[in-house]
Every structure is written in C-alpha cells, then in structure tokens.
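Same chain, two partners: chain A is paired with chain B first, then with chain C.
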Partner chain A sequence: METVRRLYPASLDRKAREEIFGWILILPALLIILSLILYPIFYNIYLSFFNVNLDGGNTYIGLDNYKDVVLDPFFWNSVITTILYVIFTTIGTTFMGLIVAMAMNKTFPLRWLVRSLILLPYVAPVISVVFAWQFIFDPVNGIFMDVTVNKLHLFADRFNLIGSPKAAVWVAILFSIWKNFPFSYLMILSRLQAIDKNLFEAAEIDGADSWQKFKAITFPEIYFVMGAIVLLRIIWNFNKFEEVFLLTRNVKVLSIYTYFKAFTGTMEMGQGAAIAVIQFSLLISFIFIYVKKVLKW
Partner chain B sequence: MVKKKSLLRSTGFVLFILFIVFFVLFPFIQMLSTSLKYQWDWGNPSLIPRKINLEAYKELLNIGQAEKSLPDSIKNLLKNTPNLTKTQKNRIIARYKDTGNVFPFFEYFKNSLILAFTAAALSGIIAIFGAYSFSRIQYRGRSTIQRSVLFVYMFGGIVLLIPLYRIFVKLGFLSTPTGTFLTLIVIYMVQTLPVSLYMLGNYFRTIPYSIEEAAMIEGLGRFNIILKIIIPLSLSAIITVFIYSFMIAWNEYLFASIFLKGFKNLYTLPMGLTALFTSKNAIWDRIMAASMLTAIPVIALFMVVQKNLAGGLSEGGVKE
Partner chain C sequence: MRKIVFITFMCVLLLLPLTGVFANGQKEAAASGPVSFDFWTTETQSNRMATIQVLIDTFTALNPDISINLVAVDENDMAANVQTAAAAGTLPGMFEAGAETAVAFGADNILDTDAATKIIKGIGVDKYYAGTLKLLETSSKGTYYALPYHGWIQGIWYRSDWFKKAGLKPPATWEDTLKAAKYFYKPDENQYGILVGTKAEGYTEQCFTPIAMSNDAALFNKDGKLIFDSPNMKQAVEYYAELAKYTPPGPQTWRARDYYLQGKLAMFYYSTYIMDDLALQDVAEGSLTGENFKNLKGSSFDPDLVKNTGFAPIMTHKQPAGFGVVVALGLFKQKNPAVTSAVEKFINYLYTQNAYITFLHMAPGGMNPVLKSIATNPLFQNDPKGIFKHYGPQKMAEIIQGLNNIETFSIVDGKRMVAASQISAKQIIPQMIYKITQEGMNVDKAMTWANSEMEKIAKQ
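Moving on, here comes the complex of A and B:
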C-alpha cells in the first residue's frame, strides 16, 4: 500500500491518480501477456529464419526454412487436411447447434435434464472421451464395425477406421462436432430466448408458416451470434491440437504436423517455427476474407 | 387432418430429442460399460456387461492391490504363517511389492490437481485486478489493452510452444523437476489469463457503478472497493472463471507432453493416460476406468456451477 500511496501524491488531481492506479492494477497481467505471449510470438518469427541447434546456437539461414516447408508435399497435404477439418467441423457444429437450440427452445417434459446432458461432451476432459471414441471404432471390439459389417453388411470386412489417414479425418470431424456443438447450441439458445415472443404471435396472425417465421424473425435475430460463433470456431479449430492428436495421430492437421516436425526425429525447430508463422498468416487471411465477405463489417 | 399432422410432428420431435440424447451420451455409456466388462466380454456389442468386473477400478484406486502384486512365494509365506502381526505383515508386503506394473493414478491425479488449481488461482487473482482496471477506470491506452486481450485468442498453443520451449530451456528451468513444474504452472496461468480477464471484465461492467460511488463518498479507496465490494458481489463469476481456467489446465496436453517428457513422476493425467494406452498394460477396462475417474471430478464441478458456467459461456468469454 505504501508504494501505491507514494506513486500518487495528493498534489496530483483525481483523474491522474485514477489513471496511475488503473495502470498499476493491469500491470501484472500486462507484463505476463507481453513477456509470455507477445514476446514468444516475435521470438518465433525470429527463430523461423534460423537453423535452430539443440545445443543452443542458432545459425541464420534466411528463408531456407520457408523454402523447405513450401517444397514439402506433406506440408500441403496437412494444409488441405486442416482446411477440410475446419470447414466441416464449423458447418457441423453450427448447424447442429442451431437445430438443437431451436428444439430446446420449445417446452417439453424433462427439458432441464436434457439441456444439462447436452453440455456433457463439451465439459468432459478430451483425454477421458477420446478412448471411448477409439473403442467405438476399434476394428476388433468396436460397435461401429459390428453394426456396419455384421448387422448391416455395408462393408465386407472389419477394418481399422481410425488407422487410415483418409478415413480417420472424418472420425476426427465427427468427434469435434460431438464435442463442440454444445457451445454453439448454448450461444444460439441464449440469443433465441431473448427474442420477443410477440413477434411470433404477430406473424402467426398474419398466417406465416414455420419456415417463413424462421426466415423473417429468427434468422435475422441470430445472424450475428451465428457469425461470431463461426468466427470463433474457425480460429479455434484452425489451431486445434489435442482433440485431433489424442484421438488419432494419423490426421496431420497443421498443429500436429508442426509438433512432429519440431519435437520428433531431427527436431527441426526452425522449420516448425516457419510453419507456425505460415499457419498464423493463413488464419489471418482466412479471417480477413470471412469478416469482409460474410460478416460485411 | 390437422390433428394427425400435429401428432406426427410431435412424435418426430420426441424422436429427435431422443436421438440427440443418445448421440450425446453414447460415448459416455460406452466408457462406463467397457470399464465394467471382463476381457472376454469386450467384443460383445451389448452395453450391459454379462458379468460386472470391478477389478479395473480397484486397481486404479489401489484397493486390495497390496497382496495381489506379490510374488507367489511371499503369498504362500503369508498364508502359512498366520501368527504374524499386522505391522509385520505390512512390512513384508511393502518390501516385496512389485510396483512396476501399477498405474500410479493417484500420483498423476495429484500432479494434475496441483497444477490446475495453482494456475487457475493465480490467473484468477491477477485477472480480478486487471479486469477491474480496464472495465472500471478511465485511462489512456485502456481500449488498446482490451483489444489486445481479445487478439490473444487467435494464437493457438502450437505458435507459442516452440519459442516458450526454447526460452525456458535457455533459462535452465527445464533441467530440474521443480523448475519444470513451476514452468508449467506459469504457462497454464498465461493460457488462462486472457479468458479470465475477458470474462471478469464483462461481469464487472454489470455491477451498478452507483454502489461504488456510494462507497467512495463514504471514503473508501479504490483498492478497498475491490476487496470489500467488487469481490464479494462477483463471487459467483469469480468461481466460474476459476473453474473454467481449472478445466483448461486439467485438460492440457500439448505443453505437458513436451515439458514433462523426462520426468515421469510429474506426469499429469492426460500424459499418464496416453502413456498407459501405449504401454504393454493397455487394457481397455483399465483405460476406460481411468477415463471415468478423470472425467468425474470435472463433471461434478460442472454440475455444481452449471447455471453460472452456462451463463458465463454464453457471455462469450471462452477459449479452447
């Protein structure tokens, strides 16, 4: 307290004292964010121009890391996987969130229970649910193979769905939709609950059907919240690591590709840093287009 | 005609709700079911175990495991000499126990708990003051600070992983267990700080300013206003933010997997579970039981604060 008092003597007017006090309060948070988020980001950009040696020394190699990355077909593969993953999970979570929110906005018995059960996938730790998903798709014991092969005869033989990169990406997408749609649902539901009920009554008197009511009343009201959750989902899933990595290491989205590049084998940290920079630039341009074209801000 | 249509519609609605509940709960039911099944029952698609198997839970919770892991000769010795006292018996068990195969669930649980609790508490405390500052006090640069807090959302963990790893290796923190553990606490705190700042800032703005003005007229300084008025009034929001940060740290795997690689006894639950899954002990019932035990504390916490948490989430203060 003594230092605080000394920093703003009585001679300062109230406004200046407030200003100093405001800065003192934010300072710890600011220092932490500056030193452990912003500084590392710039350090990452710096590292991307170096050959990072594990014993400590770095050698400047200019754009070589970027060249190596861009010429690597596996990199482009993971760019495509990431875009596929982001597009389908975003559409899936938003669409499912919307339908479920509309259903939960109606009254029915036990609604309170269903509403809280729906949130379970979102709050359960990733690590505790991935194994259940792996078991469901397990070639020997899993129920998915039992139903599709033995009951419905869709496939001739049991196979390891999570084991093949081509198929596993769809399992990862389905898993992400299951895990994250409750968030979209929650955001949309709270917006739906705020819509004036009189609007619907007026529309009914005018003879509007459900679709017309949705188009004329509900959709304009939730347009912005939908825009915001799509934006958040794109940002989050573009950087997603845990949800994919723990479920299957075969789906090499950019974060996982970087992780393997920088921390396994020859540990190419410089190249890893370069991929992270590219990844971030891709995300920024993606967002820029989205904000300009879709949200029209 | 109208009645028939509405009956069809309400049946469809009920079926849809049931489908949603099934979709949401199925993996959890599968988890519970497999954790209670014997190995010969795994391939059976029915979710109800033919015979309940509690071994996996007993093993993880260390119930009745002391004698099971003993070599046979010692077991026989214990059986054939019934006049041993309890302390003698325990001493023999402790000496010959084979701990190599036991999954140290409690230790991982404890590590996760300490890490998540400390990180969430620290970030909560720093965020209370920071959020009060930019939501209540007027000063130059305030909106820049607010905006940059939001900007931090865009950076995934992977962008920070390489530079932070290099920085802490250079500082020499990662060569000792204590240093590594502290580093992880700091990193988890940093990861949850922006969320906490944002959520608390949103909440503080809903507290009527007149309450503070009244207190100022009474002669209370800003600092005391935070301690005596703002904190008690926003206790539910603070707890919500704490639990939210706790869950982020409890779930974290990316940083733990790199930083804790060399320190097996510092493993967090996500680390331990992945290690268990890829080890020779990888048995579905144990994996599922461990998954259940990892999920239960978080789900229980969630149930306690559900209403607040749901509110906090929909106010937009979230990070994944």
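Moving on, here comes the complex of A and C:
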C-alpha cells in the first residue's frame, strides 16, 4: 500500500488512484494493440487512397483504387469464392464437430484414446499435412487418382484436383473442415459434458425420444457455444491465408487475391490496401449484425 | 537499509572498471570497422546453403571483422522481397539471382553499379565470356548492373530410345516437338507427351521464351516500343497452349520433371541442372520416392536413362533460338560504405579459384563458370560427382559455350530493354499462360490483359 501511495499525489482519493493503477496495468497491452494492430489498420486505410510507389513518393489518387477494385471482375470472383469458402467450411466444421462431440459424449471402450486422436489434424503443423494432401492428390503419382481412375474406374481420366482452379476450392473446403473440426468438437464436447444429466432423465420419464431430447435440451444448451464457434470460424476463415495458399494458390479467396494484387506482378499495393479495407468493412458489418441477432448481446 | 546501500555501492565500484574495459573494447572494434551484411541467395536447397555457408565461414575466418548472414529466398519471391525491403530501408548487402532480376533491380536504381563494375574491371573484362557480361551491361557501355557468376542453358530433354523406336525426329522444331508430344501422350497409361510450365511461375517463362524467340516474336522492338500484341507473339502463345495440352494434368512447374525420371514423360523443358539427377542414383532418389513406395511404377533408379536421354537446346521455327540464364551477384546501394567494401571483398573472394570451383561443384552441369580460365581448369573438370566423366568434356564445353550465346527479350539488336527485365521479374507472361491453360481464358483476352500489364511497366 505504501508503494501504491507513493506512485500518485497524496491529494488523489482511493477511486482515482485505482483508476490510474488500472490504466498502468493495461498500458502494455494497449501499446501492443496500438502499434501492432491499430497502426497497420490506419496506415492501410491511408495507403488505399494512394498510388503506392515503393521507391517513395506516393501519389494521392482519392477513391481511384476503390473504383479500380470494384470494376475488376477478378475481385468479384474472389468475393464469391470467399463467401463459398466461408459458408461451406463454417457449416462443415460446426456440423462435423457437433456430430463427433455427440458421439464422443457416449461411453465406449478406449474413448480417451479416440478423443485424443481426433485432435491430431488440428494440432499437426499445417505445412506437413499440406504436403501429405498434395501427394495424395498428385495427378500422376497420387493414390487418389490411382484408386478412383485405375482401380475403381470412377473417372475416365486423371485430373489435377488440387491444381484445377474449379476443383481446388472444394479441396480447400474439405481440407479446412478436416483440419479445423476438432476445435468445434472440443468446444461443443466441453459444453455437452456440463449439461445436467437430470434434464435428460426427466425427459426420458416424460417419454421423449432422442430427437426431442436433442431439440429441447441439448441444442438450447449448446446454442451459444455453437453461435460463438460459428462467429469465430467465420472471422478466421474470412481472413484465412496460410492453409489455402500452401495447399493451392489457385483458390483466390480475398486474402490471397490481395496478396497477389499487392505483392506479385505489377504490385498494386494501393489496390491491395483498398481490397483489405473492403474485406475489413465487410467482416466488421457482418460481426455487428451477427452479434446482435444471433448471440443476442 | 544501510546494508542494502552498502552492497549496492560495492557492486557499482566493482562493475565500474568492467564497464570501462567493455567500452574500450567497443571503441577498438569500431576503429577496426566490424561490419555485417545479409546475403540473399536463390540457392534454397539445404545442401547448397551448407556449401555456401562453408565458403562464408572460410571467408569470415580470414576476415574476422566481417560477418555475413546467409538468407535463402525463393527465386519467385526475390523481386517482391527486394522491393519491400527497399521500401522499408532494409536491403541486404548482396544477392545472387538471375540476370533479368538483377537488371530489374538496376532499373529500380537500388544497385551499386559502380561497385559491380569496379569488381568486374578488377578481375578483367576479357577474362569473362563476353556473352555473359553483355546480359548485365547497363545502357551505357562498360558499366554493369551486377556480376555474372554462373549460368545454365535450357532445352528439351527427351527419351531418345522412345523417339528412335517411334521413328520420330528429335524435338528441335515446332512441328517435330508437337508431333512427338501428341504421339507420346497416353494418359490412359499414365504417360505424358511433354512438360512445359503452366503455373504462374518463372519456369513457365523459361519454357515460353525460346518458343517465342524462334518465331521472331519479341516484347519490344529496337526503338523500345512494346510490340507484345504482334501476330508472331500470338502464334507463339497459341502454339504453347497447344503443347500444354500434352503435359500432365493441372498447373505444372519444374518439379514435374520427377515424372520423367520415373519414365512417365517423353520430353521436358529443363536446364542443365538435370544432368546429375539423370546420371547419379543418390541424386535422383529425391525424385523417385522408391524407398517409401516400392510398388509405384518408375520408383527405382534407371541406370540406362542417362544414355537414353537426348538434349535439344535449340528450338527452330522461323529462326533458331536457345535459352539460358546467367546467375548474377549484385550489390545493393548502402548508406554505410564499410558494408559495400566488405561485400566487394567477399565477392572478390568468391571469384578466387578454390572458392569458385567449390561453389560450381554444388551442381556440376547446372552451375557453369563465366570465367574462361575456370572452364578449362582441370580442378573444375574433375568434379566430385563425376558429371564430367559421365557426359564427357566435349559435351560440357558445348554447354559452357551455349552460355556465351544466351538471348533474352531484354536485349534487342544489342540494345538494353530494361522494361523487358521488369516484365520478366513481375511474371506477367507466366500469369497469362496460366490464365489460358488453366482458367480457360481465350488467347486474345489473355494477351490483352498481359499487354495492359506490360504497358503499365513500360510507362513507368
């Protein structure tokens, strides 16, 4: 107490001292957020109004970058790809997580082992599983083509599933579901375990079947966990870069499209910044609506 | 309390002389000028990095005031990384990259051309193969953007035994190449006609350039006007797109050369870097996967492949054209002149006989000398992998001679077209080819897109 008192003038009352102390405590975190998150965001917004020249001397061009981006059909392709990617991966990871969590909530031999093994895709380094997937789907040497074309004769010709721009998005979606469903599973399972068992017993006494029990007890209990998982997954996958980029560069979701625009070819950094601002605005608007309507905050 | 004050006082007293020693040490170090710099190299493979590190360690042992940090940068990322480093003011001391990339950096005015020219003149202009220096000369004669260090030539490597059996001519003309690609394309048997690049990467441009040049198609005319949308270029793009139909499915890059080593490809565009993979089992193993997949067709090393492989380095249509890349060492402009002089010292060391030959022996056949005296040096010709013995000194001399005659889009009638190098560094052509071959865009639309991107660069 003596130390705390020494930090502030004696004239300050206890409440004011505590407020200052609170600010001191959050100051390091605040500085980090300001320097590593807010500064790049504002600098990015600033850059989006300029024709960026890496040798220095940026030229102010008003809204021209935004105009160029919005009039570019490749940008809209990228928006559609992103929406497709986000919707399917979010639904996929959540449902897969839910089904597996429900299964893992039942008792069976070696459940502890299965529960741990399910987490493997989530904890494995992304680069190593990406290489495995690429090898599996290699058009000439991969096992997928060997089995489906040569053994089962499901397809007439070999094709490059990961390389083909049209098919690659579905592989990326499948990969994301496989890699990330354990997170949803873990969250849902922990909530399932916390549900009072008396509720199920009471429902059984009332003659409720499995579906009715799920609808009336399980779902309302896990609703907000699932709501939070969906929100997080949408935020993460809307900005997803490394999984898609490492697996296949052909799926131009917004973050990858921005990278190509800003850092390859003619390096349109101003336009890259504009796309990032648009992406950010879309995401923020969505989060506001979602939080209000679904999470009812 | 008194005790604490006393102990603190004693500690300060004891530490004071030590800080003096330390400060003196720093002064001494500053006087003798310790410098450190980054060396960005495109030799990303771990064994090559280890060899370069050995050279660095030897050099720094002889020059304890200099420390060098070796950084591997993928060749496809080099231009973007350098541009962002330039903007951030964190350029490395030196780099090793293809001549076109080096010229593009020179055009951005971030290279120390005076230092590069000084080193070249110090070694002796007449000691170099003239063709290799020409690729790095600025628009003012006798000054250079960077120093040629090693190089390779490229062509079509093909199964000469298959060609002989089928009665086909070697792939040295448009017609013969396309005919053979069609003939050997048997996807039902998991066998493909040819490998040309279809991914939006540098390799694709390396495959496309000799085809375009053999059709007398260029990016710029001798007056520096962009002529990409010429009928000759369109023919070349259409021909390339046709060839690409006979490659393995999907976007492909140099890595698909593995299919050739596995006996699943008839032809592939590749540099002379492939020579050790063809001849030596331990080198080829990385491409064969035999250890893990014994049942996979072509997973074991074929000792006859080297003698059953032919090499067609020149493509002919309206005119003959070859392709190759000279890899250069360049110095970035520095605020601190001590760094520049340290880099100069290191580059001079890299040109000394033993260091140079050690460097080149990382990939015999792939890394060929640009100094005449090294090419004929018995130490160089006695490479540890025995590539010279496998192919014979005559073949190796032909390859090195080919290096002297490399042609590129960036030199037209002896004039330097800087924008062509920038177009190459920014991979506009590979992106266009990807759009055509993988995204199904028609040739006219893709060429219009590429032309507009090139115009942006030409206007800068």
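Following the convention adopted for this analysis, the second predicted complex is superposed on the first by the 274 of 297 C-alpha atoms of A that agree within 3 Å, B and C clash if a C-alpha of one lies under 4 Å from a C-alpha of the other, contacts with A are read in each partner's own complex, and residues count from 1 in each chain.
Quick note on the criterion: a contact is a pair of C-beta atoms (placed from the backbone, for glycine too) under 8 Å apart; a residue touches a chain by one contact, two chains touch by 3 or more.
Small disclaimer: the values here were computed from a predicted structure and weren't measured.
Participant: On the A-aligned overlay, A:160 touches which partner chain: chain B = first, chain C = second, or both, or neither?
Facilitator: In the superposition, A:160 touches chain C alone.
Participant: If we overlay the two complexes on their shared chain A, which of chain B and chain C does A:41 touch? Say first, second, both or neither.
Facilitator: The answer is first: A:41 touches chain B but not chain C.
Participant: Looking only at chain A, is it chain B or chain C that touches more of its residues?
Facilitator: Comparing touch counts on chain A for chain B and chain C gives B.
Participant: Tell me the contact category for A:85 with respect to chain B and chain C: first, second, both or neither.
Facilitator: In the superposition, A:85 contacts neither chain B nor chain C.
Participant: According to the stated criteria, A:250 is in contact with first (chain B), second (chain C), both, or neither; which is it?
Facilitator: A:250 contacts chain C only, not chain B.
Participant: Report for A:265: first if it touches chain B alone, second if chain C alone, otherwise both or neither.
Facilitator: second
Participant: Does the superposition put A:119 against chain B (first), chain C (second), both, or neither?
Facilitator: Only chain B is touched by A:119; chain C is not.
Participant: Applying the touch criterion given at the start, work out whether A:140 contacts chain B, chain C, both or neither, answering first, second, both or neither.
Facilitator: Touch partners of A:140: chain B and chain C.
Participant: Name the contact category of A:49: first (chain B only), second (chain C only), both, or neither.
Facilitator: Once the two structures are laid over each other on A, A:49 reaches no partner at all.
Participant: Given the touch rule stated above, what does A:75 touch, chain B (first), chain C (second), both, or neither?
Facilitator: After superposing on A, A:75 lies clear of both chain B and chain C.
Participant: Which residues form the common part of the chain A surface touched by chain B and by chain C?
Facilitator: 56, 140-141, 263
Participant: Name, in rising order, each residue of chain C that touches chain A in their complex.
Facilitator: 80, 83-84, 86-87, 108-110, 187, 190, 192, 200, 248-252, 256, 258-259, 262, 264, 289, 293, 296, 426-428, 431, 438-439, 453, 456-457
Participant: Quick one: which bits of chain B touch chain A in the complex? Just the residue numbers, please.
Facilitator: Chain B reaches chain A through residues 13-14, 16-17, 20-21, 23-28, 30-31, 34, 42-43, 45, 126-127, 129-130, 132-134, 137-140, 142, 145, 148-149, 152-167, 170, 186-187, 189-190, 193-194, 197, 222-223, 247, 250-254, 258, 269-270, 273-274, 277, 284, 287-288, 291-292, 294-295, 298-299, 302-303, 306, 309-310, 313-314, 316, 318-320.
Participant: Spell out the part of chain A that touches chain C in their complex, as residue ranges.
Facilitator: Interface residues on the chain A side: 54-56, 139-141, 157-165, 249-250, 263-267.
Participant: Residue numbers of chain A touching chain B in their complex, please.
Facilitator: 1, 4, 15, 18-19, 21-23, 25-26, 28-30, 32-33, 36-37, 39-41, 43-44, 47, 52, 56, 100, 103, 106, 108, 114, 116-121, 123-129, 131-133, 135-136, 140-141, 143, 146-147, 178, 180, 182-183, 186-187, 189-190, 228, 232, 235-236, 238-242, 245-246, 254-255, 258-259, 262-263, 269, 272-273, 276, 279-280, 283-284, 287
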